[in-house]
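Worksheet: the structure to be examined is printed underneath.
Labels for the chains are A, B and C, by order of writing; each one numbers its residues from 1.
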């Protein structure tokens, strides 16, 4: 009797608690967060005080040590609120602190991980560059071995939390000619008068997730000591990246679910109340079809994503599944936010209505964790190999 | 020293949940439940007293299966959770529930019992007050202010009345039902949420309480529901389409002559 | 067992409250079917004026006077009423769904082990005096019809404006003073202060007419125009949860969900979109008027009359029009 598609009572309780927390803390401010385009420090501190930033880390550093499915429930509920806040929080919980927790020595963990879990130091991860996104081998940020450490040179783009980050996990190459095998991860902190580090560069103004501040990080011959090398061996950067990419993709899928759901619930209310030609528009077949298609697609996406979460939790290899599930959920979300805009008709164009915000926020899902074009090329190749 | 506080909690359908009339005597309620809003206020009040004076907060519910309200209490900071459940309780009304609670609490040490002013399903507001009667405790209903003088074993409460507030003193032990405005319930820390997820809930049946089954369940009730009805239907709205200021004149005329309310 | 209909009379500053006249009027309607006598139960001290006010509305008045019965506490009222109720076991005992009724009746019913239905919006009796009531559940999404066992009295608290006050009752009640022994030590609670809300308006649960504004009012200072309309109509002013959460109005004015359920004869909603929580709180109002700028506002699904318009234009004009119309009738 293996298949069981239910959540436990405890998991349902956890979900209810997060949902209630999001409803109380974040929902009332969603519009303001989007409009202001500023990092919400007060909300960040309030949220950090609840302890959620430690969701993935060991208790000895102030974390909670929860399992993957619990984490995905958290992401699914958090993403219902402000997409920007979600991005900053998940960066802190997962990508920004994973390698510190995995490879940092005790001194680094105490100095960086512990305050990060408390929300006092803000972290991020740096992959993307001007000329490379999905194509990791195109990384040109250089790490040169020197006495006692490394020198890092380059510029990273599209860095979530970049303008306010205190520390970053940076993917750099020791030699571009080595391609993927040259890639490694390094801890670089923000430059202070006592310590060399990165400097925030230009800030990006985005279409969506606007309260998450995003920008460039500049590494100008930055010296970092040996212990800042994050890894057991040189050359395993891509392999290490693969360790979290599954989670990152499923997490992205969760946010796709949440945004799609919110958009279509809004659209449902609108359709049930908007009268045209004497009837609420939800009575018309072309409108109903949109909801039906969304619903089918959404349920499938959700089941697939939780299956991937289960596979990760049970250490079952699932690289392809996670890519497929992220791709599937994101395409579903694109459909949902597009159709929600259409259901709203002309009102969709008005910023007073939230439907345009879902549409704007959702667009980024197409790129995070690899563009769909790249994913499909890879997955198609895998499939054809048999 | 400290205070022993018991908080009565209930899991009720979310106000957003749809409630449909399936048959005359059966309702179909959408499976969206949450901790009764007023009970959370009671839990918060208990926790603040514990923070001030020390002691213990116990959350207590009478429900055959739903314990999320108890977990909510633990996640906010309560120490112990108790569930009373028994098939014989089927069909109980608020008075029967009060009798069951009284059977459990009659020999327990407590300084204060807190409850919400009403449950958002039956909206009756009876259990807390009836329990106070059964335990011979003084009670104050619908409080919006609470202070305890532990040395004098007394509470000072503010109760909401029409067009005003009453300030009262009440000796402890007592029972208070809590109203919105008393406090803002805290958002649980994830650490306590984890604790609540793993919490051991003490489950009790009627046999352990020493109450006769004739005092509970359908046979014990003195006023019963024979039929569920939809809310009274209103005829569709009459939209007054004239331009301003004629629409105002028409409205006033209709209110006088048609609705006859002016 | 006395085959009587008892009504707990509520009074403030010597004046009997509207709800009491409503319940007595209702009792009189019932008595036409059942032949029962209608009795007002009056507790307190300094009750001369209140007694006078009740004379036309009841067949009997039981007067329970004692200094410890004023101000109201459930302790004192319970001590005084229980022996009386046990002795007489009237057929029916009605109270208002008020801060007193909701506070006292559950204790009495628990002790007497009789049936009690709270916050009823419809009541009827058969020739034998057996009561049937309807009351709202789930905030008003569903109503329950309830009947009672043989235990007496059958008890119910009733929402304001469920019964109409009979304008021409010309009874002359027989007044009976009931001697009561009240042991001061049995009264545990002490009222140390009564704080009245500023202004002369009735509580929104009691008022005949309630006018309310929601988010559309755009700020606390604009409530002035609503107050002016209320003045002309002798109405009370209510509001929505959104406005209370902003801190523009006090919680006591909030209609719906965790606020109050109102049952006014006329309810006027200005700039209120009509969230479900709010509309459940107004369900038992007799006539509902809605004014909002959004033609798709949900409130129009629950109103009797609607105007799509700007409240800042409509409300002052309504005030003027009402003034004119009410003045013309002298």
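Just so it is clear, contacts are C-beta pairs under 8 Å (C-beta built on N, C-alpha and C of every residue); 3 or more make two chains touch, one makes a residue touch a chain.
Computed from a predicted model, the values in this text were never measured in an experiment.
Across the assembly, the mean Cα position most removed from that of chain C is the one of A. Between the interfaces B-C and A-C, more contacting C-beta pairs are found at B-C. Between chain A and chain B, the centres computed from C-alpha atoms are 40 Å apart.
Distance between chain centres (mean CA atoms), chain B to chain C: 21 Å. Separating the CA-averaged centres of chain A and chain C is a span of 54 Å. Within the complex formed with chain B, the chain C residues making contact are 71, 73-75, 98-99, 102-103, 106-107, 109-111, 113-119, 134, 136-149, 151, 154, 188-197, 201-203, 205-206, 209, 233, 251-252, 257-259, 265-266, 276-277, 283-284, 286-290, 300-309, 313-314, 317-318, 321-322, 325-326. Those residues of chain B that touch chain C in the complex are listed here as 13, 15-16, 19, 21, 27, 37-38, 94-95, 98, 120-126, 129-130, 132-134, 138-142, 156, 159-171, 174, 180-181, 221-232, 234-235, 237-240, 244-245, 247-249, 251-252, 254-256, 259, 261-262. The residues of chain A lying in touch with chain C in their complex are 273-275. Those residues of chain C lying in contact with chain A across their complex are 296, 298. Contact residues on chain A toward chain B in their complex (touch as defined above): 9-14, 16-17, 20-21, 24-25, 49-52, 54-55, 64, 66.
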